[in-house]
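What follows is a pair of complexes built around chain A, which joins chain B in one and chain C in the other.
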Partner chain A sequence: MLQQKRWRFAILAILPTLAIFAWVRMYPIVETLRLSLHQWNILSKNKPFVGLANFRELFHDQLFLNALTNTSIIAFGVVILTVPTAMVIAGLIHHRTHSRFSGFYETSVFIPHVVSLVPAAMAWKWIFDAKLGPLNALLEFFGIPAQAWLFDPVLSVICIIILCSWQALGYAVLIYLVGFKNLPVSLFEAAKLDGASGVQRFWFVSVPMLKPITLYVSVVTLISAFNVYAQAFVLASDSQGAPGRQVRVLVLDMLENSFRNYRVGYAASEAVVLLSIVLVLTLIQFGLLREKGRK
Partner chain B sequence: MASVDIQDVRKFYGQLETIKGVSVDVPDGAFVVLVGPSGCGKSTLLRMIAGLEDISGGTISIGGRVINDVEPKHRDIAMVFQNYALYPHMTIAENMGFSLRLAKRPKDEIDQRVREAAGILGLADYLDRYPRQLSGGQRQRVAMGRAIVRNPQVFLFDEPLSNLDAKLRVQMRAELKDIHARLKTTTVYVTHDQIEAMTMADRIVVMRDGIVEQVGAPLDLYDRPNNTFVASFIGSPSMNLLQGVNADGGKSVRIEAGAELPFEGAPPTVGKVVYGIRPEHLHLADDGQGFETVATNVEPTGSETLVQVRLGDQIVSALLRDRVNIRAGDTLRLGVQADKAHLFDAETSQRLG
Partner chain C sequence: MTQTIAASSAHPKAGGRMRTKGKLIDFSIDVFLFGFSILMILPLVFLVSNAFKTPQEMLAWPPRLIPSDPTLENFRSVLADTPLPLWIFNSVAFSTLSMVAIVITSAIAGYVLAKFPFRSLNIIFILVLATAIVPFEVYMIPLYFQAQALGVLNSLWGLLLGYLVMSFGIFLVRQNVMHSIPDELLEAARIDGAGEFWIFWKIVLPLLRGALGALAVLAFFQAWTSFAWPMIVTTTRDSYTIEVGLALFQTGFTVDLGRLSAASAAVLVPSITLFVILRRNFVQGVASTGMKE
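On to the complex of A and B.
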């Protein structure tokens, strides 16, 4: 009887949270899945069922394929740049905790993560500006020819990767710092007595011991990088000045299909593809973590 | 192998002095145990020898070479940690050979030395396993193996058996002693367990509050403790220390409750003294001898019986080897072996005679 009462109370207690979660999280996902199988122009009451036609069309749509390729390159580029950099920075901060500047270092690395996306991207747009930007000024100072950072198809992708990494770095460093703080000190002392230098201790002890943290950080960074939008929208205008056209990304393509072309069902199918990619990556993470735990 | 010479070593954490001018000489090939209660500075001293803590004052020499400013890896020492500190992502062979790998020794040599050490420790079948796949005792052996592989001048042990259960601890104690007898490497061993110290050491260093209270062979410390701290710390169950008065300079001490306890050996001292007698040096006495008392607690272990009695407001323990039928509340007479009694100054706690 008591057990039953407890259950009832527990369910009642979590019901409001569940209801909010269902409304703001589950419903949009289910609705997106449903819409992806229909045709809809936002205004019409008719939403004819088209089956997998949207998906079939997607894989012949050059704009979508271009956006998918760009987004994937950016996402993996961000991970490749962010994860090792974050680990090294966190290692330096952790092993310099006696420095009176350690708090300053931690804060300054984390600030980009909380700064508003658009103003930060505007600042970087100025840095990368071909004529007025300090980056080209610096290069010219060293005798290197100025580059059209935001107009060259390859360089503009690199610029977006740098901006996204700069923003993702703070969170990754924070997570790595927690990881470093949880590593047993005696292991490093043992390595010291075994004759390992600072770099060797980092390579042979920290890096393998932080594997679960690296898995988490890389998947979280990858997922958030797949949702890249504002950075590309601000940085990568084409030669006509149309924002985001130079480097087309998935979210931008979805927005255009929804609200410019009024093809909501089609955009929903793009969202489903993005969801599938993110889901697969999450499952890979769970799989790897579970395998680690079983050992 | 080499001797370790610790001269007037001090350690400050800010204004706090935790090691207060310690001097200890560890002869070549000796097994020296640093023992003392938690916070006495024994582990700090060991870590200073290892190079994991800076030396604030004094000098530490290994084999005649002052190593105060020498990097840990160049001190030619190997240390076994309390929690073993094995690299969880490396196999047992990789753990044991890690120092040689860092020293860029040829692979064949690493394999050979790892196999040799594994042979000594009975780990040959486990070389491909990971630390998590081994029991506590096996991990302890791997930690030992990692030290042996390096063939260092000095072994340092920081409470290496404290994570093991009682039975395994006894077994590992014997194994460690056996390994030391075979390798004859100078060893400094830290423990808070005085039984470990008594059973393993050639020489024991008893520490308290950052100073050395006494240095000596185990039985010397047991037979002639310098002060009441060493007297109570060495030996289990610990020595009874009873406040009393030697009124006339005779060969007995009157304890507060009225019992008159005899002693031999120590010079007559008039005034307040501390009378020390180990529980195993008390026995059941015949009528008219010893003192009469009431048992407050009886703990039979089979081979012996620990009886606690009250003398005034002081508790006295007696360890009786014979099978006795005593229960709490029973009245009994206890006698002491006068030649085994110790006298200490009541004010300075130092040994008299």
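On to the complex of A and C.
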């Protein structure tokens, strides 16, 4: 009787949230999966079922393949740049926890992570600007010819990697700081007594002990970098108002197919590819973590 | 550092040398971190500084941190060309409403999922967790058509549709309830004849204040920095959020970096100030994402 009353309260309390959740999360997710198997251009009424035809077409679509390559390069570039840097910076900040400036270090490393994407990208647009930018001025000062950073297809990918890493770093440092704080102090004391230097302690104690954190940070950074859009939109758009012509990324290609070419089913199949990438990354993370737990 | 002190008491001379060496290392680490921190915020500092520069001064090398001839011309022309205050208002309203919706839904769902051990609720929790890993970008196109069907495109409600719930928020509250609210407390209240709603309102919510504060800050900034969703939902100049407005403004023909900097600075300065004030909440919220088991 009492149990039943509690059950009724639980269901009534969670029902509105659940309804919203089903409506704005689960339904659109299922709908994405369904649409990816259909051909639908917004204008026509009927959506014929086409099976995997969308996916087959995707892998011959030069624009899509280009977007997939760019996005992957950006994502892995960001991880390679961010994760080791974050670990070292977090280690140093942790070492100087009692310094008067530790709050300042944490805050300024974290600020790029919270500022809005577009204004932050604007700051970098100035740095990379071919005519006005300090980067080219600096290069010329050292006798290196100026580069058209944002107009060269290869260089603009590098610019996006730098911008994304600058933003991702704060989050990674923060998570590493939590990790450093949770490491057992006794281990470091023992290493110190054995005469290990600070660098040795970092390399032989912290790095192996922080492996789960490294895994977590790498996967989260990868996943968020696979969804890169705003950064590419702002950095790689030219003044002629042709956003993202230089660097095509997955989300951009998807939105263009859906809203410019009116091929919604096709765009949905791109979304499914994106989802599969994210799922595979997550599964790898869980797999590796479990393997570690078993040992 | 405890070790150096211990060593110094045993061998005063060697210990003294070690301590100065340790201090020297600490000092150089401080110098390095200080330089690195400055480097991290330098792009933003220059952005604000550029906002006050004349076009001639923008060309100066090396770039000056404090403009020699500060001008408000950039701000004036941005305000004349764009409905910047309206965009800021849209962003603030959207972020606030999204924050309120997420805090309410997460608090209720998180509490129920933590303290009511029924099998049907477990299934719900698994569904919540499963959708948490699906990026927003994956399902935003069908969501767009839902917004279209409701006739809420180009409005605050359309923006809000994508940011009503947050899987991570439900998860965060659930973890917090499990760790910080003992079953005995709730049982005692029940024995005293308290209703379930009263318990939630008078006992659970006050105990969750810290966690909900962190969640509120996270939710606000999530909506504030959202880009792809506002980009597709809003297509009229008056309904843009600040992010979309700026991104489209910068693709215009006649826009120079001075004015772009001015518009960006007008958005950055308040949000950074807000962040520095709420830093503790924010860090707590983000840090707890790393502690998922």
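The rule is simple: the second predicted complex is superposed on the first by the 270 of 295 C-alpha atoms of A that agree within 3 Å, B and C clash if a C-alpha of one lies under 4 Å from a C-alpha of the other, contacts with A are read in each partner's own complex, and residues count from 1 in each chain.
By our rule, a residue touches a chain if its C-beta (ideal position, glycine included) is under 8 Å from a C-beta of that chain, and two chains touch if they have at least 3 such contacts.
Small disclaimer: the values here were computed from a predicted structure and weren't measured.
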item	value
Touching partner for A:205 - first (chain B), second (chain C), both, neither	first
Partner chain(s) touched by A:184 [first = chain B, second = chain C, both, neither]	first
Chain B versus chain C as contact partner of A:192, first or second or both or neither	both
Contacts of A:153 with chain B and chain C, given as first, second, both or neither	neither
Partner chain(s) touched by A:84 [first = chain B, second = chain C, both, neither]	neither
First, second, both or neither for A:35, with chain B first and chain C second	second
Partner chain(s) touched by A:287 [first = chain B, second = chain C, both, neither]	neither
Greater residue coverage of chain A in the superposed arrangement, chain B or chain C	C
Shared chain A surface residues [contacts with chain B and with chain C]	189, 192-193
Residue numbers on chain C that touch chain A, as the complex places them	3, 25-26, 29-30, 32-34, 36-38, 40-41, 43-44, 46-47, 50, 58-59, 61-63, 105, 108-109, 111-113, 116, 118, 120-121, 124, 127-128, 131, 133-143, 145-146, 161-162, 164-165, 167, 170, 196-197, 200, 221, 224-225, 227-228, 231-232, 242-243, 246-247, 250-253, 255, 257, 260-261, 263-265, 267-268, 271-272, 275-276, 279, 282-283, 286-287, 289-291
Touching residues on chain B, where the partner in the complex is chain A	50-52, 72-73, 77-79, 81-83, 85-89, 98-99, 102-103, 130, 132, 146, 150
Residues of chain A touching chain B in the complex	184, 186-187, 189-196, 200, 204-205, 208-209, 211, 295
Residues of chain A touching chain C in the complex	5-7, 9-11, 13-14, 16-18, 20-21, 23-29, 31-32, 35, 89, 92-93, 95-96, 99, 101, 104-112, 114-120, 122-127, 129, 132, 134, 137, 166, 169-171, 174-175, 177-179, 189, 192-193, 198, 213, 216-217, 223, 226-227, 229-230, 233-234, 237, 239-243, 251, 254-255, 258-259, 264, 267-268, 271-272, 274-275, 278-279, 282
